[in-house]
Structures are given as structure tokens and as C-alpha cells.
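I've put the structures underneath this note.
Common to both upcoming complexes is subunit A, partnered first by subunit B, then by subunit C.
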Partner chain A sequence: MRGDARLNKLALPVGLILLALVFPFVDDALGTNLTFSAIVVAVFVMLALGLNIVVGFAGLLDLGFVAFYALGAYVVGWLASSHFQQVSFSFLSAANTTTVSGVEKPGIHISFWIILILAGAFAALCGVIIGAPTLRLRGDYLAIVTLGFGEIIPQFFENGNNIFGFNLTNGVVGIKAIDSPGFPFLPDALDDWQRFTTSNLNPWYFTILALVLITIFVNIRLRDSRLGRAWIAVREDETAAAAMGINLVTTKLWAYALGAVFGGLAGAFYGAFIKSIFPTSFSFNVSILILCMVILGGMGNIYGVILGAIVLQGINFYLLPQVNEWVHAIGDATGSALLAEADIPRYNFFLFGLLLVIMMLLRPEGIIPNRQRAEELHGGEEEDASVPEVSRAG
Partner chain B sequence: MSMVEAKQGGLLDSVRSSSWQSRIAVAVVAVLVVVLLFQAAQDPAQFVSQLLVGITNGAIIALIALGYTLVYGIVELINFAHGDNFMLGSFVGLTVLSGTFLGLGFFAPIGGDSGAALQIVGVVFALVAAMAICGLINVGIERIAYKPLRNAPRLAVLITAIGMSFILQNIGLVWKGASQIPFPSLIPDGNALGAFTDALVYRWKDLFIILVTIPLLLALSYFVQRTKQGKAMRAVAQDKEAAAMMGINVDRTIAVTFLLGGILAGAAGVMFGLFNGTTVFNVGFRQGLFAFTAAVLGGIGNLTGAVVGGILIGVIGAMSDQYVGVRWTEIMIFTVLILVLVFRPQGLLGDRSSVQGGGGERT
Partner chain C sequence: MALLEVQDIHSYYGHIHALRGVSLTVEKGEVVTLIGSNGAGKTTTLRSIHGVLTPREGRIVFDGEEIQNVPPHDMIERGIAQSPEGRKIFSRMTVLENLEMGAYHRNDGVGIQQDMDRVFDLFPRLRERTKQEAGTMSGGEQQMLAIGRALMSRPKLLLLDEPSMGLAPVLVERIFQVIREINEQGTTILLVEQNANVALEIASRGYVLETGRVVNAAPAALLRQDPKVREAYLGEV
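Let's turn to the complex of A and B:
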């Protein structure tokens, strides 16, 4: 009996992983060309899972998560492109590091896999630097400070083309021609894996899938760890948690730094995948989009967060362009120029804003709630004697 | 300058108990002030002109900051949508001056070439309309989005406020489009001091901002200090339950607070448009954050603090524009925000919400 229960518990995740594994081949066979979107969605799943550690587990509202994403992307830009013309250094890089005439290419070219680790570590370091002085603050002040950092860091990248004469970030133009990752030691038969190309997206897909699975694994292990229980305690009642001997600042700092790691990893992957990065792709809106994913799916619930990321990116990529076409068709049919020329996808954040309000008013625990989180979020209503129909959650 | 005095006044009182952090903070502020004074000595006229521009910008920021501080003082919520309400205020003013609404032309657009009397009527009407509409929008938002969550965890309300901010921003986007929209130049751009000196620049525009701001501040101060409703507001800010027991209608008092904040934001929106000559749908985000910074700098919940903070932030912004570079100004102001929150979260003049017993932690 016990074995059966275990099996049942494992059936859903194993099924989902198998589905994810065969997805690019099915996509290829059907000719639906969804792999590119799937990779972008997976990047956001990773970001949402990273933010879930901060918002869902530790209950700290982070409005500047995009900063870590940007940091990760710029790490890959710095260490795997010809941006730093002054030096010429390459290490295990999959890209061709010599030009046709045999001269070494300028810039730093390091293996993507090493950069991935460096990006995660750098994001974590920045998370600690940002978090250490700020995590003492009250929840809403913390939210504003993180928002401030989320604005400062992209602004800094935008202005960073002349820091006392040094071109650190190439300003609004951004860093272009980032090296592809790859495994240069593989036999020639697997040349798509030797150096990832844009013509075959499967290596990219399996890389991000592996990263997402690692993120999920870490999320689960963290949630069930001593640290995870400390987060829940801090989230529910800081004073009580402190009285039980939990070091508040250290505990919060861990959440902040670990969340940042996954933001950095996702950014590094995205930078290598898109091959060019510029500061405008890291605006406040992205932070809010990721936050929407976490809240829509269900704060603290891993399935929920993944679902939230998929649903919101689905809305962005498919639903809104589709609605746009319908509106245009209606506009053409009725002769209304206003409708025929409307640009619906531009208003996507209206929808996301509405989503935040409606979710908070009606179902703050998200689509797939974390039971404990749901009880906390409805806790206040029990005090309110004017609402007699409230049933005790649970 | 008042920042130095406030800092040092606080320091003298608590010099023995001050931590190394606050000592560093004071040292940094002192170094900055010395650098600024050095710049001022090199070109005094430019410095004073820039200071005056800063004060004007600061007056607008102060009006928005009052909205944050009023609401925070009473319901402990960072009303994220406030900046976007300010943006809608500037749009309302623009619409009134254009004389056209929903494709219906009511009167000819009022622009720089209209008669002087018509211009004055237009500005007054635009201000009044924006104040009324923004006040009502703010009350509506409170009723729909914040009131049902009054007993929910604080973060839930904050998230709702962020959602409302995006909704308002997109209403602005649908209403006026994504590009910068020019404001009719109704206030003369000339130098008000032109008759006396050419070195100092103080434009009629700057004077206009101050002349509108001061009566608004006096009216607000009168309302909060002298009227019955103002007394109720202060009581609710101190203790909601006790105020309710004394027969104060708490819901109505909170609605009035939001109304006041909206009115000030509407006035600030029109003044911002007239002063800068343009407005855009996402101007509220930046200005809102500046204003929030001002409110925190002065001490959130503290009305005087919001005005002092607003002027200071205006001056800091103007100085940064002049001596550091316009593109670094935003980073400067956010840095001020972070430093204040980290080193002196109660602000320069003290955080009234916690002094009055309302600052208890609810997560």
C-alpha cells in the first residue's frame, strides 16, 4: 500500500518530466515551431521559481527581481563576447576564438558552463550586498528598496558606457554577438552539441530543461529543509520566530541570495540564447511579470508557480496576438478604424495589473494554493466579525 | 541647507549614542555639502538658479508626497497607484485645455495665443477639474481595491496597489497614446527677475508653481489642524479602534484622506504639465517614486516632513542635473531612498505613523 502511495505521488512529476523530454520531438514532428517559445517560457519558469523562494517561501516582497536577471545576462555578456577589446583571453570556450588569419579574437571568451556558475555566484553576492543592509526593514519598505535596486541596476547598465572613461556596459546599444555555449570535446557526429546553433534549438531546450529541473529540485529540497521551515516561521510571525532562536537577518539573507542565484542563472542562459543584451529588456515590468506568475500560480507552491509562468507567457505569446487579430477582424467588419488598428498586446500590463488586483481580492493564495500559505492569507478575515460566512480555512 | 541643520541638530542631541553608521552618514552628507558649496563659490548665479529650479520641482514633488504620507499615516499602505493618479491629473488638465473630450468639441483649445483672461480661466478650470477627478479616482480605488483588504496581510494590499498602478498607467496609455504629449504653454517662460538682473534666472513658471502650492499647503494644514474632519483624521491615524469607539466614522475618514491625496495629486499633475511643457503616460512611475522618496526622507506620515522632503529631493535632483549629469539623477534619488530607508527609516523629521502607535508590524 505504502509503495502504491509513493508511486502515485511520483506519477505526476515523472509524467510531466517525460512530457517535457519528448516535447521538442513532438513539436518537430507536428511542425508547430513551439520550441523557441518553450525555451523562453522555461527561462521565465526558472525566474518565477527563483522569486518563489523569496516571495513564496520567505514572504519577502521583492519588486526588483529583474536586477539579478540583468546581472546574470551581463556576466555572460562580459565573459563570452568581444566586448572588452583591451584584453584577449579564452578558456575552454566552444566559440571560435581565433579569426581566419589565426589571430586570437579580442575580448574574454570563457566556457559557458563556467560562466553559468560565475553568474549564479555573482548574482548571489550582489543579493547579499543588497540584502544585508535592507533586510532589517519592514515588509513594505523592503519592497520599495528592492524596487529601487531593480531600477538602479538597469539604469546603471544604461549609463555604464562611460564610467570615468571606461566602457563597462556599452550603454543602450548593449553587448552583442555573445558566444554560443557548447561541448567542444564531443565527436563531430554531434556537431549541434559541439556548439549550439540557432538552426537546431534542441540543445538549448535540453539545457534550460536541465536548469529548470535543477531549480525545481533545489526548491523542493529547500522547502523541506531546516532553512525552509525557518522561512515559514519568519513569514508567519517574525517575533515568534526570533524568540525560537532563528536569526532573522541570516534566514532572510539566505532566501534573498538563493533566489538571486536562479535569477542570475536564468539571465546568463537568456543572454547566451538571445546573443545580444541591452538594458531596456530589464525594466520594472519584467519584475512585475515574474511576480504575477508567482501570485497567479500560488505563492509557495512549485506546481502553481510553473503553471503561472506558462499561463502568463501563453497569454503574452498566443492569447493577446490572437485577440488582436479578432479585434482587427471585428474592426474591419464594422468599419471601425479604432478597433482595426488597435494594438492589444501593448496593453498586456493592464491585464496583469487587473490580475494582481483580482487575485488579491478573490483568491490571494493563487490557482494551485500552498495550503499553509492559504491559511495565512485568509487569516485576517477571521478577525473580521462583520463577515459571518467566513469558514475556517483548512 | 536645512538637511544639514536637521542632521546636525539630531546629531548634537544624540552624539554619544550615535552608531558608526550614522557617523558615516553624516560625514558623507558633510562631504557632499562641502563639494556643493565649492561649486557654488565658483559660479554663484548658476548655483542659485539651479537651487530655485530645484525648489520649484520640489514643490510639485511635495504635493505628490503629501498624498503618500496622508494615506500611509492613516492606513499604513504605500499607495503605489498614487503616482499614476498624478499622471491622470496631468491628462485631465490637458483634456480640459484642449476643449475636446470623447471626440466632442466643447470650446476652442486654450493655447499660448488665447487672450490673457481666457488663459487664466483655462488654468484655473484645468486645475479644479483635475483636482476633482483625481480625488474621486483615489476614493474609487480605495473603495474597490483597498477597503475589502483592510484586514488582510499588508503585502496583499501592497500587491493590489501595484496592480492598480498598472491599470491606471494603461488607462493613460489608451487615453493619450505612448508618446510624449505637448502641453500648451500658458505660463510665460520669461525671467521674472529680468527687470533686476540677468545673471539669476527665476521664471514666471517657477513663481506660478510656488503661488499655487502655498495656498494648497495652507488649506491642507487648516483642514487637518482646525476642522472636525481633520481632527477625526488625526484620531484615526493614531488608533482606528479607539476612534471608532468615539463615534468617528472610520470608513468615511479614510475616504476623505484618499480624497485629499487625490486632490493634491491632480493639482500637481496639471502644474507639472504646465511647468515642463510635456507629459507622458508613464511619468507617474518616476515622479511617484521621487515623491515616495521625499515622503520617506521627511518621515512618512509627517505632513511637514513630506513638504521638507519634497523640496530637498527637488534640490538634490536639480543639483545632480547640474553637477553630475541628468542621466544619473534617477540613480541619485533612488540611492537617497535606499540610504534613508537603511540608515534612518524614520526620516529626518520623524515617522509619525509609528510615533502615533500605528506602526506595529503586520505581515
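Let's turn to the complex of A and C:
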């Protein structure tokens, strides 16, 4: 009996993973061209799971998560392109590092796989740096400060083309021609399948799939860990948590750092995949989009968050363009210029906002709720009003 | 040597001078109570001991070591557990999860289980409700849970802040019976209580606080006889 239950519990995830594994081949066979969208969706699944650690597990409302996504992307821009003309350094890079005339290409060219690790570590470091001054803040104040950081980072990248004469970020023009990943020990890949090209998306797809699976695994392990329990305790009551022996400072910093790692990894992958990065790709909207995914899916629930990311990006990539076509068709048929030229995808944030409002009214705990979160939102009748600390002292 | 020795501490909330030189000692195995009216500094004294508030002057010595600068999350490791005012249980966790949080810093599974059984023996009510969300329990049950959770760390010193607050007299009696039992099993207790009547019944000694100062310190039996104490805190004329 017990084994059966275990098997049943495993059936769904294993089935989904198998489905994900055959997806690009089915997509190819059917000619539906969804692999590109699927890759971007997967990047957002990763981002949402990263933010879920901060918001869902530790209960720290972060409105600037895009900062880590941007940092990861810029790390890959710096370390895998010809951006830094001053130097010429390559290390295990799969890209062709010599020009036709045999001269070494300028810039830094490091293997994508090493950059992934560096990007994660760099984002974690920045997570701690950003997290540290916000530790004393709670609720609204924390949200405002993180919002500030989320705004500062893209501004920094936009204006970073002249830092005392040094061009760090190339400003609004961004960093282009980022190297593709590859396998360093198979320099002449056996066939096209193993090369990361723009025409064959399979290697990209399987790379991000692997990254997503790692992210899910780490999320699950964190949720069930000692640290995970500490996060829940801190989320519920900081004073009581401290009395249990939980160090509030390190517990919160771990949440920021670990969340940031996945933001950074997703950013690094995205930078290499898109091959060019601009500050405008990392606007406040993206933070909100990721947060919507977490809230819509169910804060703190890993599967809910994944579903939230898929649903919202599905709306973005699939539903809205589809609806757009239908509306245009109707417009053409009825001769209405207004409908024929309507630009439906432009209203995506309007739609997300509407969805969020409806969700908050009908099902505030998200599509697949986290048990404790659901109780926080529905059962809180006995909550004692939060009297200021000073006046409670006897 | 006393288990806990508070030596002339001064604590502040911003500019407010809340403790103006409080000294007290708690011997191993004792129940000591702090009584006094609202705003006398009882809770502030507990907070200073527990590290939530760092006294600007004075020393706090626990088990031979100065602890006035130790942060609250290290207190449990040193053997001081607190059942805070207003209970502060994790209301969305189950009873069992709350008790497990009390043993958060421990790794000895067997010992944790023993202490869990001990808590359930002290509070059979909790055993019946292990799976229940703590926040949905009655005030008395929540108070039991708060004390039980504090016991899960197997403390040398248990700080109890107003365990009688908001409870019906019958329940207060029940809770104080258990507090006495906990003490008889070997846990030293520092009890802050507005309900001086019950507090002085189970305590061996008491300190009377007024506006941040200790104005009287005596064995509980003597304090119960003291006319001033009787008038001010025991509700007698």
C-alpha cells in the first residue's frame, strides 16, 4: 500500500518530465514552432522559482527581483563577448576565438558553463549586498526598498557606458554578439544536434530544462530543510522565531542569496540564448510579471509557481497573439478598422492586472496554494492587532 | 553561585529610561516572580535578560557568563527559553510543528521525543491536538502550547511572561499547577505576572517593581503578608 502511494505521488512529476523531454520532437513533428516560446517560459519558471524562495518561503516581498536576472545576463555579456576590447582572453570557450586572419578576438571569452556558475555566485553576492540593508524592514517598507534596487540596477546598466571613462555596460546600445555555449571537449561537435545554434533550439531547450529541474529539486530540498522551517517561522513571527534560536539575519540573507542565484542563472542563460542584452529588457515590469507568477500560482507552493509562470507566459506568447489574429479576422470580416488593426498583445499587463485582481478576490492563495499560506489568508480571524512593540512592554 | 544574576541594569526604549537600575538573582531550582503594575518594567526586565533589549548599563550573568550582549537567538543555546507575552505561537503551524520549532536548535532525535512526551504528559490537551492549527485553539490551549514549546529546548531557565493573561480563573489555576510541576521536575523559572496572587503562591521569592526600580524583594510568603503589597497588588484594603 505504502509503495503504491509513493508510486502514485511520483507518477505525475515523472510523467511531466517525460512530456518535457519529448516536447521539442513533438513540436518539430507537428511544426507548431513552440520550442522558442517554451525556452523563454522555462527561463521564467526559473525566475519565478527563485523569487518563490524569497517571497513564498521567507515571506520577504521583493519588488526588484529583475535586478538579479539583469546581473546574470550582464555577467554572460561581459565574459562571453568582445565587449571589453581592451583585453583578449579566452578560456575553454566554444566560440571561435580567432578571427579569419588568425588574430585572437578581443574581449573575454569564457566557457558558458563556467559563466553559469560565476553568474549564480555573483548574483548571490549581490543578493546579500542588497539584502543586508533591508533586514530591519518589514512589509511595505521592504517592498519599497527592493523596488528602489530594482529600478537602480537597469538605470545603472543604462548609464554604465561611462563610469569615469570606463565603458562597463555599453549603455542603451547593450552588449551584442554574445558567444554561444558549446562543449569544450568536443570542439567539432559530431553533428548539428550538439551545437547551440539559432536554427536548432534543442540544445538550448535541454539546457534550460536541466536548469529548471535543478531549480525545482533545490526548491523542494530547501522547503523541507531546517532552513525552510526557519523561513516559515520567520514569516509567521520574527520575535518568536528568534526565541527559538533562529538567527533572523542569516536566515533572511540566505533567502535573498539563494533566490538571487536562480535569478542570476536564468539571466545568464537568457543572455546567451538571446545573444544581445539591453537595459530595457530588465525593467520594473519584469519584476512585477515574475511576482504575478508567484502570487497567481500560489506563493510558497513549488508546483503552483511553475504553473503560474507557464500560464502567464502562455498568455503572453500564445493566447494573446492568437486572440489578436481572431480579432483581426473578425475586423476584416466585418470591415471594422478598429478591430482589424487592434494590437491585443499590448494589453498584456492590463490583462495580468485584471487576472490578479480576480484571483485576489476569489482565490487569494493562488491556483495551487501552500497549506500555511492558505490559512494565513482565510483563517486569520484570531489575529491579535499588532500593537507597537514599545507600548506592550510591561 | 546564582543561576541568573542581574546587576543594576538600565534599559531604554529610545529616550525612555525604562529600567533604572534593576538587580535580581535567581538561584538554581527556584521559582522567582516579578510583580508590579502596568509599565513597572517587568516585561522590559525579561526582554533585557533575553537579549531583545540590550541594557546600556549593568551586567547580566547567567551560569557564570555575561550575557547582556548576547542576541536573543543565542539564548536558547545557552539554556534560556522564553514563553513571551501574548504567547507568540506560530498560529498557522500545527501543534506538533510548533513544538518541533521549540527544538529547532537540537539534533538529538531521542531527546526531542522524550521532551515531546514530557510536554504531552504535562499538557494532555496538546496530545489530543497535535494535528490542529495552533491559531484555531483556545487561549488557554495556546498558552499551554507556548509553555510547552519553550520546554522543548530543555532549558535551564524558563522565562514566563504573563502566562495568566486573558485566561479564565479556572485555567489560570490549571496553568500554574503545571508551572509548579515543571519547576518540581527541575527547571528554574523566572515568572513575570500581574496576577500577583497566583504568582506569589508558587514562587519562593518575589521582586516588586515600580517605575523601573525594584522597591521590594522578599520571600513570597513575606510579600503576601506585606500590607503595601496586599493593598497594591493583591486587591485588598
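Throughout what follows, the second predicted complex is superposed on the first by the 367 of 394 C-alpha atoms of A that agree within 3 Å, B and C clash if a C-alpha of one lies under 4 Å from a C-alpha of the other, contacts with A are read in each partner's own complex, and residues count from 1 in each chain.
Following the convention adopted for this analysis, a contact is a pair of C-beta atoms (placed from the backbone, for glycine too) under 8 Å apart; a residue touches a chain by one contact, two chains touch by 3 or more.
These numbers were taken from a predicted model, which means no experiment stands behind them.
Undergrad: Applying the touch criterion given at the start, work out whether A:R229 contacts subunit B, subunit C, both or neither, answering first, second, both or neither.
TA: second
Undergrad: What is the contact status of A:V43 with respect to subunit B (first) and subunit C (second): first, second, both, or neither?
TA: Once the two structures are laid over each other on A, A:V43 reaches no partner at all.
Undergrad: Thinking of the overlay built on chain A, is A:F350 touched by subunit B (first), by subunit C (second), by both, or by neither?
TA: In the superposed model, A:F350 contacts subunit B only, not subunit C.
Undergrad: Counting only touches as set out at the top, which of subunit B and subunit C does A:V212 meet: first, second, both, neither?
TA: In the superposition, A:V212 contacts neither subunit B nor subunit C.
Undergrad: With both structures placed on chain A, which of the two partners, subunit B or subunit C, ends up touching more residues of subunit A?
TA: B
Undergrad: Is A:A73 in contact with subunit B, with subunit C, with both, or with neither (first, second, both, neither)?
TA: neither
Undergrad: Under the stated touch criterion, which partner chain does A:I290 make contact with: subunit B (first), subunit C (second), both, or neither?
TA: neither
Undergrad: Quick one: classify A:A243 as touching subunit B (first), subunit C (second), both or neither.
TA: It touches subunit C, and subunit B stays clear.
Undergrad: Under the contact rule defined above, give the subunit A residues that sit at the interface with subunit B and also at the interface with subunit C.
TA: Touching subunit B and subunit C on subunit A: residues 237, 239, 376, 379-380, 383-384.
Undergrad: For subunit A, which residues count as touching subunit C in their complex?
TA: Those residues of subunit A that touch subunit C are 226, 229-230, 232-233, 236-237, 239-248, 372, 375-376, 379-380, 382-384, 390, 392-394.
Undergrad: Spell out the residues on subunit C that touch subunit A in their complex, using ranges where they run on.
TA: 13-14, 16, 18, 36, 38-44, 47, 50, 52, 71-77, 81-82, 84-86, 88-93, 100-102, 104-105, 133, 135-136, 149-150, 153, 161-162, 192, 194
Undergrad: Spell out the residues on subunit A that touch subunit B in their complex, using ranges where they run on.
TA: Touching subunit B from subunit A are residues 59, 61, 63, 133-134, 137-141, 143-145, 147-149, 151-152, 155-156, 158-159, 235, 237-239, 284, 288, 291, 295, 346-347, 349-350, 352-357, 360-361, 364, 376-377, 379-381, 383-384.
Undergrad: Touching subunit A in the complex: which residues of subunit B?
TA: 76-78, 145, 148-149, 151-160, 162-167, 169-171, 173-174, 178, 285, 289, 292, 296, 327-328, 330-331, 334-335, 337-338, 341-342, 345, 361, 363
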